[in-house]
Each structure stands twice: as C-alpha cells, then as structure tokens.
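One structure is given below, encoded as structure tokens.
Naming follows writing order (A, B, C and D), and every chain is counted from residue 1.
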Amino acid sequence: MQMKHAVIAGLVMLGASALAVAGPSGGTVTGKVTYEGTPAKMKPIDMSKEPSCAKMYPAPPLAETVVTGAGNSLENVVVFISAGAPDDAAPSTAATFTQKGCRYIPHLLAFQVNQELKITNEDQTSHNIHPLPKVNREWNKSQPPGTPPISEKYDKAEFIPVKCNVHPWMHGTFAVLKNSHFAVTGDGGSFSLANLPPGKYTITAWHESYGDQSQEITISGTEAKTVNFVFKAKPY
Amino acid sequence: MGKFFAVVLVLVAMLSAYPIIANYFPLPVDISTHGHLIDSQLHDTMLEAGIAFIGAQLVLAYFLFAFTGRKPDAPLKNFPGGAKTMVIAAFLIVGTEVLALGAFGQKAWATVYFVPPKADALQIQAQAEQFAFYFRYPGPDGKFGAIHPDKIDEGNQNYFGLDPANEVEARDDIVSGELVIPVNREVNLMMHAKDFGHSFYVRELRIQQDFVPGLDLAIHFTATQIGKFEIVCTQLCGLGHYNMKAYLNVKSQDDYDKWLKEQSQ
Amino acid sequence: MASTVTPIVPGSADLSSRNNRLAVPFVGSSSADRASRSGIWVGIFAITMSFAAFTSALFVRQGTPDWAHLVMPSVLYLNTLFLLASSITLEISRRSLTAATIIESDHARRAKIWLLATFVLGTAFCVGQYMAWQQLRAAGFYLATNPNSSFFYVLTFIHVLHVLLGVAAIVYLLGRLMASHSTFRRSLFENTAVYWHFIGVLWVYLFLLCLVKL
Amino acid sequence: MHETSAQQVVHAPPQGFWRKYVFSLDHKVIGKQYYALALVAVFTGMFLSWLMRIHMVWPTAKIVGLELLSKNGAPGGVMTPEYYLSLLTMHGTLMVFFVLTNAPFAAFGNYFLPIQIGAEDMAFPRFNMMSFWTTFLAWVVLMLAFVIPDGPPIAGWTEYTPLSAVGRDAGPGMQWGASLWGISIAIFCIASLLGALNFIATTLDLRAKGMTLMRMPLCTWAWFITSCIALLAFAVLLPACILLILDRHAGTSFFIPGGLVASDRLQPHSGGSPLLWQHLFWFFGHPEVYIAILPSMGIVSHILINSMRKPLLSAKVVIYSMLSIGFLSYMVWGHHMFVSGMNPLSSLTFSFPTLTITIPATILTLIWLGSLYGARIQLTSASLFAIGFISMFVSGGISGFFLAQPSLDIYLHGTYFVVGHFHMVMGVASLFGVFAGTYFWFPKMTGRYMNETIGKVHFWFTFIGTYLIFMPMHYLGLIGNVRRYQSFVNDYMAPYLWLHKDMTIAALITGAAQFLFLFNLIYSRFWGAPAPENPWNGTSLEWSVSSPPPWNNFGDRHPIVYHDPYQYGVKGSKGDFVMQDSPEVLASGD
C-alpha cells in the first residue's frame, strides 16, 4: 500500500523534475521522503507550566519528533550530499533559529560548517539554548526576553540535538553540514538539490528518530534525477 | 542620643508588629485537612514570639531612655535579683514555651507524616525535573509502567521514560503537566526526582516536601476546595528554579472523571 | 614554682638556654612546651573528627545495591606490622633519649638507631600502602569502581598523607640528633611520638573498618 | 599550672618589609590582614546583593556595564537566571566564610586574644601566618570563578548534591565554577583548622600569670569557645568537600544516586546519597552560625560593660550560656532538613534541642538587658552598635523560634522567612559586633580615633536600614514567597512586588551608607585624632599597652593579672575602674 503510494509519488516527481531541468548549471536531484508502517502518535504538548506560551495556541500543538503529511510524506528530514561533493565555504548569510511560543522554529535547522547561527527569543519568558553536540564544543546559554540574538558557529559537521533547559518539551535539531547541497523536507516530504556538478555522489537522508539512509547516484551534465527515501516507522 | 535611640526602638517594635497585627500579610486559604493545625500553631507561636519581641525591644528602649547621659557620679544600681532572676525567668518562660510549642507542634507534624494514607487513597506519581513537574496516573489498569531513565524522550513527551513498546502497563499511563485531583479525596503522591533535588510546595495545602534523587518518598493529603492553586519548587534546582511551577487543579469528582476520560483517549 | 623557669628559645638557635639541653632532664614547665603539647592533642582531635566524618559517610553509604565486598590486599597485614613495630621502635628511642645524660652517650646513640629504624618502618608502610593500591588496581578495582573501593582509596590515601607528615617530623628529629651538640625541644620529640602512635592507632582502626565494612 | 607566666620570646622582632607587613608572624599584623580580607569580601558580597536585589524586582532591566562582568551571564546587561544564582552562591559563600568567619573570629581574635591573656603572640606564629595565607589562597580560588568563562557555580552556598556534583550537565557554572568552590572551601577548612588549633593552644597555655580562665575577658572566652566549635565543624566539612570533589572529577558516587537524567544525559553514577551531603554539610553548617555569632556576643558584652561602666549581672552566666550554645549547636543540624526527606521521627528529635537553644540565648539577652538597668550608658559609635546588636539578636533570634518547629517549617521552609531570619541573626547581628569592635578597638590598632560623627550617621543608616530590608522578608515568608528566585513569576506574588521594590531601595541606601564606614576607616587611619593608651578607660590587658602595641605586645614587661576583667564602678586610682594588671587592692572584686 505504502509502496504504491511512494511509486505514484515518484512518478509525480519525475513530471515535476522535467521542469526543474531548466536550471542553468549542473544536475538536479529531486525526490520525496515517505514512511511505511505506523508512526508513533504525536502527543499534544502540555504547556500549562508556561501560561504565556500556552495561551498562544488555540489547541495544544503536537510534538514534532515525527511530523507526517499527506501520502505518508515525512517532514523534517534533511537530505544532503554526504560524499562526492567538495566542502563549501560557509555562506555570509546567517541561519536563524527562533524561539516562539515555547517552540523552536524551525524544528530542524540545517546550515553549514562555520556558517553564522543566529538564535532569537520572541517570547516573554527566559529561554535557555542548550545544544548537546558530541564532536563540537558544548555551550549552554540563557536568553532572557529582550536580549540581543545569540550568535554562534560550529566548526565540525554534526547532527546536534538542541534542548531548552527551562521548558523540557522544547527540543530541536541543528544539522551542521559540510557543503551547500542540502534540503529539509517540508509539507509533502519533497526535496530538491539543484546545481549539482557532474559526478558520483552519495546522497543521504537523515531523520532525528528514524536514522539515516543513503543512495549512490551519478549526475552527468544537467540531467535531473529522482531519488526517493522510505523510512520504517515504529508505533512506539 | 539615648532618648532618640529609645524612640527609634519603640517605633521599630511597633512598625514591625503592626503589619502582623493588622494582618496585612494573611495566610493563604487553607484547603487541606491538616492545615488548621499548622495555622493555629503558627498563630500561637506568633503570639508568644510577638510578645517577647515587643517586650524585649521596649525594655531595651526604656533602659536606654533612663540610663543614658547620666552624670558621672550618678549611682550605679543592679537589677533587683540580679542574674539569678534572669536565669530563672529564662528557664520558666522559655522552657515552658519550648515544651508547650514543642509538644503541641508535633500534632500537626504527626498528622502529616505519621498517619499512613488510607488504602483507597488516589495513587499519583509526581516527577520533578529541570524545570517542571509532571504527574502520572496509572490509567484504567491501575498499574504504573516502570521507569526507564534511558528511555526518557522529552521531545516526544516521554518524561518518565516509559516503554510502551514492551510494557502493557505503560501504554495506558496518563501523564499530565497539571496535578488534577478530585476534591475531598485523599491523594497519595509518590515523589520521584528525575535529575536533582526539587521540592513540592503548595501554600494552600500547607504541604512542603523535597524530592530526593534516588529516594522515592510519598506524601498524602486531602484537598477540601475546588479550584486552581500553584505548585512551586522551593529547593534550588538550577537556572530555571524560579520558573519551576505547575498547577494543582482540584475538581469535583464528576469533572475529574471526565478529565480522566479525555486524557485516556 | 614553674614560673621560675627562665625563657626558652625554640629550635637550636640558642645554646645558652641550658635547661633546654638534652643533658637536662625534661621538665614540663615552659608554657611554650605545654602549648605545643596541647596543640598536638587538639590536632589529633581534629583528625579524629575528620575520620569520624568519613566513617559516618561510609555507614550511610553502605547497603546500597552497588555495595560490593572488597578483598583486602594481603600486603596490608604486613604494613600493619610495620606501623605497629615502628611505634615500638620510636618508643624505645624516646625512652633511651630521656635516659640520655649527654648527647654522646650510648643512650643517645641507641636513640638515633631506633629512630632510624622507625623512619625505615614508616617509609616501608607508605611503600606498602602504595603496593596495596597497585594490587587492587591489578584486580580491577579503581577509585570509582564501586563505593567500597572508593572508600578504601580515600581512607588509606588520606591516612598515608598523615603518615608522611609524621615521617617528615622524624626526618627532622633525626637530622637534629645526627648533628653534633645540637639542642632541640624535647616536647618536639614527645609530640612527634604522640602523633606517631596516634596514626598507628588510627591505621588499626581504619584497617579493621575496611576489613569489616568494605 | 595556670599561674605559670607566658614569658618567652616567641619570635624575633620582624625585619624588613616582607616580614613586617606580608608574611608577618605577628598576630596583630595577621589580625589586620584577616580584617582587610574580610573588608574586601564584605564589600564584594554587598555589591553582589545589590545586583541581585535590582535584578529581582526589575528582571529585564539593563544594568549598565554588567555585560563587562560576564558576557554570557548578562548579555546586553540583562542578567540571566543562572547568573543571578551565580551571584547568590558567591554572595553566600563570601559572606559566610570570608566575612562572618573571618572578621569577628579570625581578625579580632588574632589581634586581641593574645593581648587580652597577656601573651606575646599566638602559640604557633608560623601556623598563624600559614592559616591566613591559606585563607587568602581559598579566597583567590573562589574569586577565580568570576573570571573563568564558565562563571561561578549556581547551586547556592550550600552546594546541595547532586546538583553540585554532576558537573556540566547541572547548568552553567557547574563545570569548573563548582570545582573551584569545592577546592576553595576545602582550603578554607584547612586554614580554619590551623587557626582554631592555634587559638585553643594559646588560650590554654600562654595565659599570663594570674590570668585564670575565669579572669579572661568575655570576648576571649567567646573566641575560645568559637575555636572549639570551628575545630569540630571544619574537620567535618573538609571530608565532605573532598568527597564532593571526587564525585565531580574521579567518577565516584558518594552523593550521586543512579538513574539521574540531566540535560538529556544519563548520569554515570549509582547508589550515592544526596542526604549524606546535607547531613555532613549541616553538621558543619549549623555550628557555623554560632562561629559567626558567638565572637560578636563576646565583643558586644566586652564593649557594653565598658560603656555601661559596670560589670554584667554575671559574667559566669554569660560564659556558661555561650558554652551551652556551643555544645547544643552540634545536636541541631537536622532542623535544616525537616522537609528534606529525612526520617520524620528524627525531625522531632532535632527540634527539641533546637528549641532548647533558645534558653541560653534568652539568658544572654536578659543578662544584657538587665545589666543596662542602673548603668551609666555612654553612647559612642561602638556602644551604639553593641546595643543595636541586642535589638538585632532579639528580632532575628525570635523568628528562629518558628523555624525550630517542624510543623511550621513545613510551611515556612524555603521561604523568605528563613532569609530574613538568618540575615538578621547571623548576618547583620554579628556584623554589628564587628562594627562595634572596629569603632572600639580602632584606636588601639592604629593609635587614632575613628570619627564619631560619621560613625553615628553610619549606625543610624545601618540600624534602620537593616529593619527596612529584613523585617519585610518575614512577612513575605508568611505569604509563601519562595527564596532563591531570580524573579517572582508566581501569580500570588503579584500583589506584593511593590514591597520587594521598597526593600531593594532600602538595600541600596543602606549599602551606600557602608561607604561612610569605609571612608571613616581610611580617613581615620591617617588623619584621625591621635588616641592615648586607654581611650575608653578600659580594664582588660589590651588597654595596658601602647596604641598600637609594640611587636611583642608588652615589651619586656610580663603582665601579672590581679583582678577579674571588668572592675568598673569601683574607686580606682585612675577613675571608676581598675585595670586587670594593676596591683591595687579592691574592696569589691577579688
């Protein structure tokens, strides 16, 4: 059943990618991330501890460990070139991570090694940003309301869980990546990596609770390829 | 100078006592079955301590007033009775006070700590962690799933480290950030600390008990009034200590049952 | 009576203070002598308190699931002998010194020899304790392996620190005795002896504690 | 034996700058060094309390320049919650250890105990020097916490485990800051043990001829008793600190139980007992309260008698009361742990001795009060503070009466009631003793008077200010205002925030007034009116030597004591008093 969905989805994407070929340099990889099986039922977040946040939601928002969409699509999956592409210099633009309504926006933030990371607090309460890296340097900073954004950098590629010590439910992820070829699946679970120079690549999809999957692809010229990922979902 | 000092002391004594006498800082409403014992104990102590406080300050003031700036040849006198009276007075007044308060005071303490909870008391588990309280209800099966610290996944609302995949008891456990209890029903709160020392303090319940990591305590109480009250942490537990709070939501039995049903969906 | 005693200079600085020469039998008159004796006892009291605290910690800590029995390294028995023997040698040395009339007497010579023996035994004890730790490590018991090993290392290590202090004092006394016609407070010798016996007793206590509890 | 004179050259006259002023063996120099250290610590601590009070009532206020003190702690000058706790920890540690233990006990004790018993110096001058410099080292190590990027620890001055024991995962400041705390306090323990040992040996064996124990001035008694308490207390805190450091750095589990998850990390420990730390800490912690207050009791009695021009109703009773307080202080530590999860039965067994301690305390108060009756009280800055002490001691002591009862502690524990209580009785009261001692002995220590006018202004600001700051804390405790909060976010606190604002303003003014004292110290040290040998017509031995005393206190004189310390209100050759070492025969006295 799910497979069938995935195949259909794949065809749809093929059609779509035909248009995408219009891109000037390099090839394009597009695709969709889906799951099979029954994913865990996300529970509503109980914010009763922090009324200033709780009152921002008509109904309690759901936890974001596993976010699914129509057609078994899977959100918050970062798809990137894990091998084959040279490391890129960090872009000058900063990646911004916002704390709003006692949640992280976005839930998963992908950015490059040495790229500036800007963390802002739009809430009326103090937050505390505590990323838990394994290879990078660990820090743990509080951000009272009305204080300037925190600016940080990471010099090693890593998937870093982020938590707020003050609000236990606040969890997010930093995906620190070596090169600029990456995308994070949003609603619909689709992604697209453009401007890939010809070459042989390992393309990897990573999800915070479903782990990662990799596929080998070879891009020649400006061709458009489709790569789909299917994760196994567990009910618990 | 001595006269001035005396006046200041009198003012200090009066102004310090006034807010208490005028009850500017009333105790919060007592919604527990044992609270009145503590309140009356507090009242008695306040009375005795207040008298001692005002008395001592006024005596000090009077002696300052009377015995400063005297002529160098003014006769020196000794307090009638001398030290012996002082010692005897101290032993009599304070001693009896000590015994009285000590003895009566234990009643409230005993009702909180020495009387075991009733068999039918509502079993709820409270977990304190940086920086929130979470409360767990056993669910329809009346059994708590075991706690597996390694399974804790707060991003996914699994605060207790339950393992529903392998344990049936855990599947129907209800976890809430709010302590919802029925009115006039004894609650036996089993206290578990996830990380550090915390404390469970509800003014209106006249209950304060530390969460001790590695040592699961239980405290039991009965709420006698419907309403929402604040649960706060009184044990320094880290950077969010000031913000570690939850609500005690006392509902009528029907509302409580309704709430329970909603939760177990 | 005692107030007739003339002032005494600490250390060997002043040779003129005759009543401080070894030649003269010790009189517990000088307030400084008494002060140093009270000092040593007060110090002993403090050390005892510290180890009492460690002990109570041990009693509170025991009985937890991770409480595992610890087999005492065999060398400890030998060390115990060393330390007890050292107390005896020191006592012999002290007595012969008190009996000494002049520094060059046989008594004094015997005192030196027995003091030397004490030093050797004391050092042997420290080395032995080190070997005991080695044995434990070899057996896979490190400081953090379990509460028992933790307590063993902590108690023995801190005790050895105290022993080393005593060894230092003995070395100092030896130096003084070796130097010809030097004078020093007998109270210093007396106090060292008291302290040395104390750490001996302390060790016996700790060893029994470890045997029974750990 | 006690008739033995302490005639001896303890050490040669100091030569050269270093021996004279830095590594001096002279107890008087060492006393001043302790005083200077305490002075630095107390102003640091006061400054921290200012920052805390300001932040408490205006949590999002930008404090200009604060970001310079700590970039992470105060981004853009707005204090973070954890930095508030860092300051709280440092305030408590500085005040309790480096001010309340150093100033009334180590500083004045060092300076005056040997003189008052007629000794030329402490029993072990080298130990004495060592104990100061180790204390100084402890202070340096503690202050390092401010400069390391991690910042000072956030676990409060009681450093409850496991929060203080697991390290980084406990929050900012808990990685290295807390280690520095542990090391600093361990060093401080060693220093205090050396000091206490010295005090005891000196008091027992270096007393001048005729100076029987019962002829020692009351402050000497207080210092003696305090040193006995300190010997016991710090001998227990030291092992506790060692075990804490091992838990933090050697992976042991003395205080850390298993299965703890902090910052999403399962802590690699098992079986430890958090209550063990609390027991060890409070076994030290409660006697520490008396280490802080007893010397002030002695100093205040000493000064009161002098300014009343008549002895206390009974010096013996005062001594016995202080002794019994010292003794009882070791049976009451558990009253800090009523709601800590300790066996509820032991709470009761702890509450009775705690209540009992109020008896000797009351006796002392009644003796002081009763002695004022029929006196010729002279109000100097010194005696003002001495009398202020009585008022403070009563106000702060009485609130202890509530906290001694487990059933009331259920409600009041961990509220501002406790804060008000111990600040008044342990903090301000013993500081009043220090102020009194300073105004009283400054002429002896420097040869110059302090400025009385400034002194009196300083007193009035301090006295009234103290009540304005700390009395309301008791009220707030009654409505359940939780302590150690960086801002009061609880709904029920909203109606009372105005009171906190007022307390902050009072704190700012009262604190500012302390600079008068600082100015007075420095000004009088250099330009104060020259003081004679015995400016207050005192009777004890310190007044029988020149101001300041020579390096060996009595020159070649070997004082012989003929009288009880407080021969006031008698017909003496010099006036209404007879000095301890004057051979005149008295009708009264002995």
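One rule holds for everything that comes next: contacts are C-beta pairs under 8 Å (C-beta built on N, C-alpha and C of every residue); 3 or more make two chains touch, one makes a residue touch a chain.
Everything numeric in this text was worked out from a predicted model, so none of it was measured.
Comparing the chain pairs B-D and A-B, the larger number of C-beta pairs in contact belongs to B-D. Subunit B and subunit D have centres, each the mean of its CA atoms, that are 29 Å apart.
With centres defined as mean CA coordinates, subunit B is found 46 Å away from subunit A. For the pair subunit C and subunit D, the distance between mean C-alpha positions equals 35 Å. If each chain is reduced to the centroid of its CA atoms, subunit B and subunit C end up 51 Å from each other.
Each of the following residues of subunit D touches two or more other chains: 80-82, 171-172, 258, 263-264, 271-273, 275. Residue positions of subunit A touching 2 or more other chains: 126, 128, 142, 161, 163, 165-166.
Residues of subunit B in contact with at least two other chains: 129-130, 154, 238-240, 243, 245.
If you check each pair of chains against the touch rule, the ones that pass are A-B, A-D, B-D, C-D. Within the complex, the subunit A residues that touch subunit D are 126, 128, 130, 132, 138, 140-148, 150, 161, 163, 165-166. Those residues of subunit D that touch subunit A in the shared complex are 59-60, 72, 75-76, 78-83, 168, 171-172, 263-265. On the side of subunit D, the complex with subunit C involves touching residues 1, 3-10, 123-124, 193, 196-198, 200-202, 204-206, 209, 231-232, 235-236, 238-240, 242-243, 246, 250-254, 258, 270-273, 275-276, 279-280, 283. The touching residues of subunit B, when paired with subunit D in their complex, are 1-2, 5, 8-9, 12, 15-16, 19-20, 24-28, 37-38, 41-42, 45-46, 48-49, 52-53, 56-57, 59-60, 63-64, 67-72, 74-79, 82-83, 85-87, 89-91, 93-95, 98, 101-102, 105-109, 112-114, 129-130, 147, 149-150, 152, 154, 161, 193-197, 199, 201, 203, 206-215, 217, 230, 232-243, 245. Residues 2-3, 7-9, 29-32, 34-36, 38-39, 42-43, 45-47, 49-54, 56-57, 60-61, 64-67, 143-144, 147, 150, 154, 158 of subunit C are the ones touching subunit D in the complex.
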